[in-house]
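Next up: the structures, one after another.
Paired with chain B in one complex and with chain C in the other, chain A is shared by the two complexes that follow.
Up next, the complex of A and B:
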């Protein structure tokens, strides 16, 4: 054996040993590509988007009803809560993180819904009761679904009964006593569930009325965008002024020009909901899911109706801006130039529909700075949609910037170029970092020394 | 023993540009399509984020995006009198691996070949005599396909990529500001040229003064935000200067990830498996039909994947090796000239001229992979070769691809003549010249040659026990004469730029595997009009096994003086169109032998 052959044999032997070791620790190595930049599912099955995009075959019994149900299930974004990450569409088990604990969504594929009657389904939407008559937690937004008509309720059930059957059991909810006893919801409903039929004021257009139905009914926009009281019920006097859930801020949708939709046109809203982006903003976080699995698949007239209705909300800005520290602004500007300006430009103007503008951006000027801090910490992925399928993404800076640096650059973004919002403290960043489990590892022994 | 899997309709081997294009084009047929990629999944936000994608140590020096040569490599020699040895560190060319392949780490230089390039044998023989294409033992061939046939497919690729440039020939009309020598384009580039930095403008001015025709290099780096016909979005390039050998974190370089994946991965009939290395193509008992491939996963388990049609989309060296390992086609024999698999392996010949100024700040770190100005006056047959003793040519460009400090000095040695390689004088020269220097590059053709070929190594094997590929290659007098001529023309321009000093670096002697030159390996699975002189027909279909298609630059009968990617893509689009419109309706040979 020549020296080189011997060397090669040793390399091969070493590698074979490595394979054996790997074989003991890995269950699967020829993996499907993880669909991080893609819509497909890891096990090769259909994604929610692929399933929902399938129109009902012509030979389906009650086809018109099923097709109408598909549109309503899309409008209601049922998939968002009833599909877990990488899981089969509508098979449930997604953890819904409420301030009170974790609730796991149930399976609503045909496997489960074939047991439901149309009356039971209508009762669930309208009274928040399951097929056995037990109370459902208001994480299931029956406070909005109460406005769904009987015909639409029947159509939604008809569609869900056509979905691919998956026999999936969900984990037990993680709720503390006494909230784990569903009976307490009798009290909650008595306090907060006083549904009134939707009224369309005289003089409003048909589009307005349709928008009202979609927004207040199946679309349940306020479930995120209306602030909640201590017991998780909508503060109806502050409707659409922005809410916080699961460490995201659902922004103000009122007509306030700085923090709400006051500067947006109807076309801006339609483009945002349809494509996931417009010249002002891009959908990320939970709203990216709403856009990908719901609004991007709605017919244009429905999107326009939603926009017309939303544009007709009174202006309200719950939080005023504050005076940022000049030193913090100077530090923030330096970080902006080094780290952010390549994509978002020095002027903060960004590249419309690619990398969003920060100048005049409503999202970064919310009273609560959660989103801007979270996006810097965690990164963010723009909603992929049929018309704009690229999930343009920003990377995480959690490992690269300190809490102080993130606070400074967030303060800068919230107050540069005419923006105005309260400054961000390093403690806010530290707290969110802990909640998101985005620990910043020391980059070297030198940074350990720095931290001492 | 391999475990047999359920059959798929279309199997793609390797997952870079050609397989991604094929998958996208064939997905509309509704057929089940499976791609097998030997290495890892990677996408923009997770694997190429701009928070770390400019790491020279990781990507340039440690070759993070490239094939691990301790698992698999190839053996190399200059001629048959030598014993080939394994390439133990990638040098002259860089073999990509992983999802997106070389499409991830390319510069984005998007060229079309000249109409005469596709007729290299007949055109040159007619103009310069029959011996012009056979001297120096050259084995030059026509392609069997013309520029006009490929033009619509070049156009498709330009629109996919958002190519930035200026047309020089629109439907036969010469356009000011573009390349007057190019073949006619049906359409203008989809995006305007990249805004120029200072050094290329100095080059363009000087080139004009000496009578040449400078134009902006066509670029797959975005000159403006771009949305392609598949809806994919690419952002404007930031000129960070980390293209070649690096992945782009800004969605600013045309890659399979940025141009194709957003659409492709929404297709329910498409599946990608990573960590799946194809070892062999299995034929039926009479050797006329490919029935499956055998692949091995990361745990060393073997699988047999049956398929209706198999498309090889790995890098050319792997495609040729798979043909040889699977006994498909007759291996080329350089002694007799018989056989075709491995024949006409070719490469590229490059040289450079550095210019150094005292009074001009050029800021070389402001760069992009295809940012620069070019002259094409000495490419292909754009000039009279009479009496010059060579055929072919190349372009001369001043590209500001990068000012990456490690590569600039450790790799390219861009310092004036007589500077020592280390120590205080080297440091002083670096400090004095970094901001004030630039490089003119020549990028020359390599004609095919009787003694340049690929076969299986008799000695060395990979971790799976398969023979390695053996590369036998050297430059001939044709290349040296041509490259010296190009270097002299580049020197003319360098002088007209009036620098303090310049330094010409002609390519001398035998081809060396050590310094990086280009990853433009071609040939070995060449295309042509008859099975006697080619491996595949002009639809990239194997003459011997008609349900096997071989993509990539392995089909080039010789290598013109341009970067290959756009032609590789155009040939793929043309093959995809034929597969859709003809092959799937009546599977069988698309061209009768």
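Up next, the complex of A and C:
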């Protein structure tokens, strides 16, 4: 709350100053030539003339191009934002809950995209401008899509133009002044949007380069997994160290052994992205959607490329741990024995690919305990995938455990079997319970009953 | 029951074999169920089939949890007169003794009271429509009464019968030996009650007393898990994979109910 208010104040200040040069920048940027994309690679070495010649899509649909576009739209998980729950694919209107307010995603079915030229689409991906030249909010991750090659951009548009037309009108965004004025994004872009072409260091494999392109470009993994500053921009110095969104924590993806992917092998990552499960973890929450709709549909070599690239990042954001109260640990152990150990076992080892192990679990040892608390409160369901179509679910314990009991068992899970992480307080649980609008437990606590 | 006997006599001429008759009745019953189902479908909200894709429906935070019956004091269903039978009768079956607390201390009458005040008492889980031929014992609960109605009808009838046997005294005021005689008469069907079957009531009552002593404490009985402690049942635990291979070892954990156990809060 305080954080977003402060952010708002900063935006207001920036906006006041920014207006002075906004007009000039806006008119200038509209006429500016599209910036060179990532070292021109994967464009097949086309000349500027050839690129321009391709801006009008051919009259006859190019099957290969459409198929390539389909795969890229899956890799980019466009549906994550542009398909609402129960809605027609790509028809938009899904509420995107940002720290600043709610943004409703636009319709990107052929009904809307038939009006877009390939130049306009490329400009949207690379500069965050819509077909009319208005600024798009960075909830549309053009800060990542700027790395998408021209050929890939054209293919994505070609595919979107083949999608069934749905005429959908989206609700108005719920953003406070001045964020509801798109011109303010001139300031935001000036502050935070300084794209540098992707460089593949010498000696890296083709898989590494492909992984880099997918992760940093269309896959936009950092949009969730990189922490954000007060204005919602990536803290690039902390890339992939874990981010917070919509009351979930996107975990650390660096090589840190405790909180990151340090203990995961390339095969572990591939299995997780393809099936939603591996011997260490299972995809839940927003990542379950990503796995179901995107990564489980990607070709194996692309998954391997992503894994190779992710595994090559330096370790960062180690967990300082904490000093859990002994009484809290004892209570947490009792709750674990009675409530959790049936599936996850007393030893915390779980059952690989069915009940994720908690011993050595990366997710529960994040610095921020949001995910472990949230999963206990509301339960979680593993992503259904073509290889593992039956989703297992963990039940909600919001009705059964008090805030203090959840805090104690979360503290235990974060510190038992060699795990190490800061203890969790009941206030953290209470606050998350409020935010998620979950019922208070109707059960009176043990100490208040049966003592008559 | 009288109707059933009449029906059976009318059918007598046609009754070549039991098998035939049973089959015919079964078919008739099936047709009745079918039409009842159709009537429900037509009368109630529209019923639609749904194809479930991508796994079963799951919504975060949703749970089908039991109502906590331990908080409120007093009875919700039983009248004072009914409690004056249920309490001593259940205590006679499970008395407080060297082995531990009895039915009253364990909350058995409270458990039965809460059950009779809810869906169980209303017979929500029973088919209670006709026809009502004399059922076999193996067919289980065979009366027109809901469980709540059966208690309501049987207890005054029992007290009238007791009054007749013991010069106007109520069950509660009898000594243990006499109370046992009454209960034995109910169990054996020797107590002839007016308008209600003693055996039918006994069958339900003894079952409910046992349930009240051993059901999860959240439902009001088995207070402090006394029933489970008595027999060494570890309670609402779910899986013992880690113990399958550990023989001749005492299972160390105390029993736990849906509401937990003291160690959750007191360590």
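Structural remarks
To be clear about the criterion, the second predicted complex is superposed on the first by the 379 of 452 C-alpha atoms of A that agree within 3 Å, B and C clash if a C-alpha of one lies under 4 Å from a C-alpha of the other, contacts with A are read in each partner's own complex, and residues count from 1 in each chain.
The working rule: a contact is a pair of C-beta atoms (placed from the backbone, for glycine too) under 8 Å apart; a residue touches a chain by one contact, two chains touch by 3 or more.
Keep in mind that this is a model prediction, so the values were computed, not measured.
In the superposition on chain A, contact is made by A:378 with chain C only, not with chain B.
Of the two partner chains placed by the overlay, neither chain B nor chain C lies in contact with A:311.
Of the two partner chains, chain C is the only one touched by A:405; chain B is not. When the shared chain is aligned, chain B comes close enough to touch A:353, but chain C does not. When the two structures are aligned on the shared chain, A:70 is found in touch with neither chain B nor chain C.
Contacts of A:274 after superposition on the shared chain: neither chain B nor chain C is touched. Contacts of A:391 after superposition: both chain B and chain C are touched. Of the two partner chains, chain B and chain C are each touched by A:343. Residues common to the contacts of chain A with chain B and with chain C across the two structures: 342-343, 379, 381, 384, 389-391, 393, 395-397, 399-400.
Across the complex, chain C is touched by residues 292, 327, 330-331, 334-335, 337-339, 341-343, 345-347, 377-381, 384, 389-391, 393, 395-400, 404-405, 408, 436, 438-439, 442-447, 449-450 of chain A. Interface residues of chain A facing chain B in the complex, by the touch rule stated above, are 4-5, 8, 11-12, 15-16, 19, 22-23, 26, 29-40, 44, 46, 49-50, 342-343, 351-355, 379, 381, 384, 386-397, 399-400. If you check the complex, the residues on chain B that touch chain A are 41, 43-46, 49-51, 70-71, 85-86, 99, 225, 227, 230-233, 235-236, 238, 240, 249-251, 257-258, 261-268, 270-276, 295, 297-301, 303, 459-461, 463, 465. Touching chain A in their complex are the following residues of chain C: 54-56, 58, 60-63, 65, 67-68, 70-71, 217-218, 223-224, 236-239, 241-242, 253, 256, 258-267.
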